[in-house]
Each structure stands twice: as structure tokens, then as C-alpha cells.
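Several structures are given next for inspection.
Look at the two complexes coming up: subunit A is in both, with subunit B in one and subunit C in the other.
And then the complex of A and B:
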């Protein structure tokens, strides 16, 4: 004990700062270095709006910030006897996030200025502990948007179910679906329907499944052949169910053939190569590319155009749309893809959803112009849109 | 010319796939079937080692029996091979679609609606640089007209029709820029393949 006291005394009196090993070994009650360069106040607190396990630190810059190398952060749990270095920052930085803590355990921190390998440490912070938050207060605006949209959706779905005629303007690509199926029937060739390369959790794939159902119903009616290649096992299962159901709904379950819906491969360009092979060998009269697509879009659409097929594409992949626009006869762009299933099926839920989206767009326009205009009269409503 | 058999396999397969540029032929067909077959084999092994084993079987064997729930959900996919109970496949499908939609809706509002709106709003601060102010106003008009193009509840006639036409012009300008940008990226992929053929394979370039 005497040795320890002597060491602490020397640490205060000597002009050299405490070395890192001394700081760790002299804990738990660390001597506060009067040496210049130590950051002043260190506050530690739970990071708000997260799932726990993170404590945030803030401190004021060392008065000699310009001449130090950076800051070291040291931590100890209540039961620990020593502080341990857990990280460091560059000079000029006043924040640090400790992501390796246990929820519900109090921790104390000290921040030390680093100069030539020596540390000039602060007073320990007050104990802080992390815990998870159930509600993210920085995203109330997102919640309000979802609630407002859900109310709109419910209103229009109920309206559609009561038989009210909900108007949807004509969408060129969809009006061509009937023609596309009829063309394939007349030519006695199959129809290729690629439901995109996204798995079933992509919204575009879900929309594609709705359109596939409607296309399959027309195919069942016209007695044409269908090819639906799939990249994912789940979309394969869903596609099969959708096509089978469409044939049943048209009263022709016997016309459904298992080979209509195929699993190909998960490899993106392996899938594209296989589609190219199908297009050149089975020569479908009509190709549908509806869903989520990536870099393979032009390879497939260009091959389809060369085989002389009538092509209808639809995707919300903004980067792929130009390729479809240039290589296909009709393209459903972005939102039109979602409108398509409602337009084709006249299903109340889908119609209501489309109407709700339309009113959502009106609200977006109002907010956009409203906030822009009011800002010129000195009312800043921009923070309302900010999401943390 | 390379003596490494793997370089030769890569080069020959590359040429097989390129032969499609002439027309469909047995070499392309072989390359395509090999690609699909190898990829399927690869993904079976990949999912076993990266999904099924660490995320299901290891926790189960460690006594975490809550993992029986995803195991059962996964097994329900196989009920489609038993016609009598094939309807059960709808349970995991419904679960997956519901999970996907539930996860994407808040993210959509956050990233595609609120953040986009925040970036599009024009304020006096935008005009601190006159040129930036003009760009911001053009973007505001472009966003508004594009939104009107995607408005389906009215026929596009009159003012709505004009705004929608302006909207489609903005969209096409955007597509043109995107097309050029992406084609450049694809050309660089082609250059990469040709470099492989001329360099590691033929040894004509360093």
C-alpha cells in the first residue's frame, strides 16, 4: 500500500504524464492529472432510440487540442478494478460510441489526451448504462405517415368493396396484355413470363405475382402455353400456386402443366444465360419481364427483341428501366407496375391501395410546395421531414 | 500463352458464352447448361454452410428449441409434394410476404418519401448560391411533374396532361443519363474480359 501511495505521489509531482500501464494498474481510484492537455468534462449516457448495447460519450476538447495526437477512451464496469483502453479518436473529436457494453451494467469512462504515447486523463464520468428502447422517438413522422396511409387505404378499400366505381386511367402497356396473349395463341407459340430476379420479399415481385395471375387467366382462357422461369425457390413455389389458381379460376385446371413453371438457378447471369437459351430455342411469341431486375435486364430484353417477340416489361428498378424502354414494345415504369395489378384485376384491395397511393402523391405535392413556400415567409417546417 | 489449365477453362468458357453473339449454337448451349448446373450445386453447398448449419442445425443441437418454429415453417414448403395437404405451403409463403412487406413499408417511407422530400424542398438557404437555387427549382418542378405523371385517378388532360408530358420528359432525360452511365460500366466489364483473354490467357498484354 505504501508503494502504491508513493507511486501516486510521484505521478502527481513528476513533470511526466502517467503512462497507460500506470493508469490501468493504479485503478480503481485514478489520480486526476493536473497536466495541461486533459479533456475537461466527460459525460456518458445511453445512446437514445436504439436496441441497446451502446453508450455514447461526449467530452469537451482539451485546451491543447491542436498539439495532441488524439484521445484515448478507457472504461471500467462497476465491479472492475482497472480501466481498460477500449478505443481512440483523432484530435478535434468530442464523441465516441462504445458498442461493446452489456445492457443494465453501469460503466465509468475516462478520456485521455494522447501526446507522444503518454496519456493526460480526465475525471471519470458518472456511471452510465445502456438499455434498449421500444419506441424510436426520432421517427414519429414515419409512424404518422404509415398511420395516415393505412387510414387512406382502409377508406378506399371499403369504398371499392361497397361497389363504388374507382376510376383508373388507361395504362398503355396493360392494354397490350390482351393483344400479347392473343398474338401468342394465333402463332401457336408459348408466352414467356419472367417474374424478375428479386425474391418474394421484394414489393416488385409481389406485384409481379398479381400480374402473373391475370396473365395466366388469359392464357387459360385462350389455351396458350406458358413458361415461367424462376430464380428463387420461394418465388418458384408462389408462381406455381398463382398459375395453378388462375387455371382453376378459369375452370380449366386440367390445362395446367407442371412444366409451365420452372426453377432455373440463383446465379444472376446463369439465370440470364438460361433465359436467352429459352428465348432462342422455344421462341416465345410474347415475353413479359415483370418484377425486379438488375444488370441482366438488357441481355434478356435485347435477345427477346432479336427473336422478334412482342415484349412487355415492368420494373421499379430505375437503373434498368432505360434498357427496357429501348428494347421492349411497352414498359411499365415504377409505379405503373403496382397500378397494373389493380388495373387488370379490379380487385377491391388493390384498387383501394392504388387510390390511397394516388392521394398519398397529392399529399406529397402539398407538403413539398407547402414547406417550400412557408420557408420564404420565415416559417421553417423542414425539421418535420427529418428522420433520425 | 498460359500453361495454367484453370485459365484455359475460364478462357474457353468465356468464348463459348461470347459465341452467342453469332447465334445460338452447341458451344453456347454447353456453357449455359454448365453455368446453371454448377451454380445450383454451388448454392446448395453455400446455403448448407452459411444458412442451414449455422442458423438452424447448430442452435437446435445446442438445445435452442425455439428454432423448431423456423424448421417447421421451412418444412411446410415440402408439403406441396403431397397433394392432400399442399395448401399448407401458403403458411410459410404468407409469413415471408408479410415479413417482407412489413419490413419494407417503414423503410420506404423513411428513405423514399421523407428523405427525398427533405432533399427536394426549396428554401431561401438554397439560393445562397444562385446557380444551386436554379437547379433546386428545376428539381422541384421535375419531381412535381413526375408525380403527376404517376397519378392514375384522372385522365391526363388539360393542365394535368401538360404537367404529365413535362414529367415524362424529365423521366426520359433521367433515363438517357442513366443509360449512358450504365453502358459505360458494362463496356468496362467487357474490357475486363478481353483483358483476361489477351493477358493471362494469350499473354499478349501485361
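And then the complex of A and C:
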């Protein structure tokens, strides 16, 4: 006990916080400092919804929080004889995550207020141990939404299969695709299809590939030429297969040419420069800009407008939509991009899925309206929707 | 079989990755990590095909002396030179590769980006021609926002900046959120349609 008191006295005299090696030498039964400033009620528990190896700590602020330097966190495994400093926080903080623990091993924690290098220890926490979880409970809301939407989708797909006529409003940009392909055929010029600058993991690029399939089928039917420049190697291979399959599906595989689908470069503005070069050299009659775009959208669309091409754009990037609207003849906005494949193919099953989307949106709008309404009465339902 | 195999792979992998999203266990994370490594391997194979396409396309242009074929020589020479320099002397921060990238590629990219200012001017001229009610509304709101965000705006009227801010945060934000809501549902529906094999345009369409 005298040794411990001596050590504590030395610790108080130190100009810097205790080093871990010094803490290790302390007794496991640290007495609670009677000095003011020690934080209270330290609780330790496994961090929920994770892969294990993390214990979360919470404590109450020291009554002298405003005058201390911060908090030190000390830990010991149940079989250890000493506490080890594992980290520190600033004052005003009441949480800490210990990411260096072993699953299934109980640990005890103490939190100390730091002032002028001295530590004022809390009571030890109850033992806590970490373990990995098999289900992320914080994502139950996402799971429920996916299940509900999948059921809605299945319902409308089945309904469409029974032959029920589904009304889909006219989308001007998609109605013009036929005209755009026909125009290029009449002029004897190629059609440029830019599937965006996003890689294949962007949903907009996948939607663009679906539209490319439909456009390529029309091109195969009209016997026009096509240019599909790609920024990414994977989108290049996918778009090549999509175009090839479309020509095969139309019964004219011999009309497909390898030069239709090209790989250009991964450099964003290098790609934009290449597209501008294609537009000014090869003068396509129709340009499609469909997919994910960034700052280069206007550079390409405006060049296309200056060459006199008929232009149809489509993106889910809200920031690029105004540029396309101002420079292109037709623009598919947001969800229209995802509806395009169904609209062009007119397959009842795909049209059914559009109905599911509409009802899904209606449900979300009702939920948002309900949450807004309850907030007027002081009931906050937002935490229920929060995804972890 | 040619159709069924890709559809089956797509269904299984799509389902597995959805399930993986809900399982935080280390085994699930390790599986996900393996899948991402596979993606990198697939990308490497795709890159070989893409570079092959680039060489073939430009080689053909040079061989047939098509219009502007000398640019194809620059493209191929640039690609071969950068690959050779990178493989020979490495790509460390002080390497020749990085010097060429920072002193040639980056300024060229910057130059293309700078062109955006001129394209914006011509696009704005076209968009702001008040030929319809929508275009007039666009012109008026753009004028208010531009003036409102300039220091000059508050001298015209003290409420100008607040009105410009209101246009951005209320009508503009409301329409953006509406579009984003549709995009979110469209993304989910597209993903589900492809996973469930309902959408087959990427395979050349219906059967």
C-alpha cells in the first residue's frame, strides 16, 4: 500500500501523463481517488452489430470536467494483475471504443480524469467481453424495406404476366429514341453512345447497359453504325457483350463490328477530350449520354450541340442534370433512366416493375408525411429509420 | 444454357452479397473481402482485353491511314512509353513516371476542365433564352440567385440574399430530393430486376 501511495505521489508530481509502463506496475486493486474530478459510473459492453474485438465504454463526466485536461482509459483482462493505459480522450467526452480486445475474454475498465499529469481514477467497470454477431440488428429496417419492395415487385410482375394492361406515361426522351436511330440511318452517320463515366458498380451504368441493349437492337434493325467509347475496362467488356448479344438477338450477328465498342482511357478529362474528338471528327448524327457523369458532362454535351447532333441524355446525378437539360434535346431525369429499359422493350414484366417503383415511392412519401406530422406533436420517429 | 448460366451466377452472387450486408460476423467479412479480390482479378483480365482493343483500333487506323491517323501514333506511343517507364523505374512519388504525369497529364486534364467555363457561357445563353414559361422561370430564378449570392445583391435590396438562399434551400432542394427519391427506388428496382432475372437487356433481351 505504501508503494502504491508513493507511486501515486510520484504520478502527481510528473509533468506528463502516466506512461503505460508505469500504469502496469500499479496494483490491480486501485483505490478510488478521493480527490475531486474522477468520472463516475463506467459501463463497458460489447459494441453491437459488429465483427467483434471491440468493447464500448461510457461514463459520466467528471464534476470538474471544465477544469481537467481529459480522460485516460485503463484496461485489464480478468487474469491480469495490472491496469494498462489504452487510450485517452479530450474533456467533455463520455465514450470510448477499445478496438484491441480479444473476443470471449472479460475485461475491466477504469477511466481517470487527467489534470496536470495526475490521474483521478473511477471505480472499475463490471467485466465486459466482445463477441461477433451473426445479424446486424441496426439494419432490420433495411431488410424489412427490401422484403416489402420485393413482394411489391413480385405482385406487379405476376399481375403483368396475367396480361393486365398497365398504363405508363409517355417519356419524351425515350419516345425519341426511335427517331434518333432513324435520323442517323437516313444521314448515313454513326450513333454515339456514351455509357457514362462510372464503373460497372454504379447502378446508373448498369441501367445504361440495359438501355444500350435496347438501342443496339434498334441499330441492328436499322443497319446503322454505332460507337460506344468506354472509360473503364470492365464497362468495355460488358458493353461489348451487350451490343454483340443485341445484334445476335436481332438475327444479324454478322453486322456487329469490333470497332463499335472501344476502350478509351480512365482519365476523366482525357476521356472527355476523346469524346469531343470523336464528335468533331466522325460527326455522329445522334449522341446518347446515358449513365453517371461528373464535371465533364457539359463539355461533351455542348460539343455535341455545336456539331448539330440530335442528343438524348440521361443521368441520376442531380448536379449534372441542368447541364444536360440546357445542351441536349431530351433528358432522362433520375428515375426515368431506370425506367428506360422497360419503356423501350415494352415487356409487360418490366413495365410491372415500374408500377412497383411508383407504389414504393408512394409508401415512402406517406411515411415521410407521417413522420413530419408526428414531429409537430413532439414525437420523433427518425431514430426508427436510422440505418447503422 | 448460354443464358441460364449467367442468370444463375447473377442470382446467386446477388443474393449472397445482399445476405452478407446483414451479417457482420468475421467469416462474412472475410468472404466479402475474397469477392472484392476476385473483382480486382476480373478487372485485370478486362484491362488486358481493353488494351488489346485500344491497340487494335488505333493500329487499324494507322494501317489504313484513316483521317487524323497521326494522333493514333501519339496515343499508342504515349501508352507504350508510360508503361515502359513505369515498369522500368517504378511509380514512386519522385519517379520519372510521376513527373510526366504531374507535368503533362495533370495540366492537360486541367486545360480540359478549364474549357468548362466557356461551355457554361454558351449553354447558359441557350438555356436562358426565354422562349417558354419554364425557360423564363429559370432565367428569373437564376438571375435572383446569382445577384443574391454576390455582395452587390444586398445593396439592390437587403432581402435579396435571403430570397436567393430560400430559392436554393426550399424549391431547389425539394425538387432535388424528389429526383433523389426516384433515383433510390430506381436503383433498388434495377438491382432486384437483374438479380431476379427479370431484366435481361444486358443479355440481349428476352430469351
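Everything that follows uses one rule, which is that the second predicted complex is superposed on the first by the 338 of 388 C-alpha atoms of A that agree within 3 Å, B and C clash if a C-alpha of one lies under 4 Å from a C-alpha of the other, contacts with A are read in each partner's own complex, and residues count from 1 in each chain.
Here is the rule we use: a contact is a pair of C-beta atoms (placed from the backbone, for glycine too) under 8 Å apart; a residue touches a chain by one contact, two chains touch by 3 or more.
Since this is a predicted model, take the numbers as computed values, not measurements.
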item: Partner chain in contact with A:203 - subunit B first, subunit C second, else both or neither; value: both
item: Contacts of A:380 with subunit B and subunit C, given as first, second, both or neither; value: first
item: First, second, both or neither for A:65, with subunit B first and subunit C second; value: neither
item: Subunit B versus subunit C as contact partner of A:318, first or second or both or neither; value: both
item: Partner chain in contact with A:97 - subunit B first, subunit C second, else both or neither; value: neither
item: Contacts of A:123 with subunit B and subunit C, given as first, second, both or neither; value: neither
item: Partner chain in contact with A:141 - subunit B first, subunit C second, else both or neither; value: first
item: Touching partner for A:361 - first (subunit B), second (subunit C), both, neither; value: both
item: First, second, both or neither for A:270, with subunit B first and subunit C second; value: both
item: Subunit B or subunit C, by number of subunit A residues touched; value: C
item: Those residues of subunit A which subunit B touches in one complex and subunit C touches in the other; value: 139, 142, 146, 149, 203, 206, 233-234, 237-238, 240-241, 264, 267, 269-270, 273, 277, 281, 295, 298, 318, 321-323, 325-326, 333-335, 339, 354, 361, 364-365
item: Residues on subunit C engaged by subunit A in the complex (per definition of touch); value: 18, 21-26, 28-29, 42-43, 46-47, 49-51, 53-54, 56-57, 60, 67-68, 71, 105, 108-113, 115-116, 119-120, 122-124, 126-127, 176, 179-183, 185-194, 196, 198-199, 201-206
item: Subunit A to subunit B touching residues, read off their complex; value: 139, 141-142, 145-146, 149, 166-169, 171, 200-203, 206, 233-234, 237-238, 240-241, 264-267, 269-271, 273-274, 276-277, 280-281, 295, 298, 318-319, 321-323, 325-326, 333-336, 339, 354-355, 358, 361-362, 364-365, 367-369, 371-372, 375-376, 380, 382, 385-387
item: Subunit C contact footprint on subunit A (complex, rising order); value: 49-52, 132-136, 139, 142-143, 146, 149-150, 153, 157, 203-204, 206-207, 209-211, 213-214, 217, 230, 233-234, 236-238, 240-242, 244-246, 248-249, 258-259, 261-264, 267-270, 272-273, 277, 281, 295-296, 298-299, 301-303, 305-306, 316, 318, 321-323, 325-327, 333-335, 337-339, 341, 345, 347, 349-350, 353-354, 356-357, 360-361, 364-365
item: List of subunit B residues in touch with subunit A within their complex; value: 17, 20, 23-24, 28-29, 31-32, 35-36, 38-40, 42-43, 77, 80, 89-90, 93, 96-97, 99-101, 103-106, 108-110, 113-115, 117-118, 120-124, 140, 143-144, 147-148, 150-156, 171, 174-176, 178-179, 182, 186
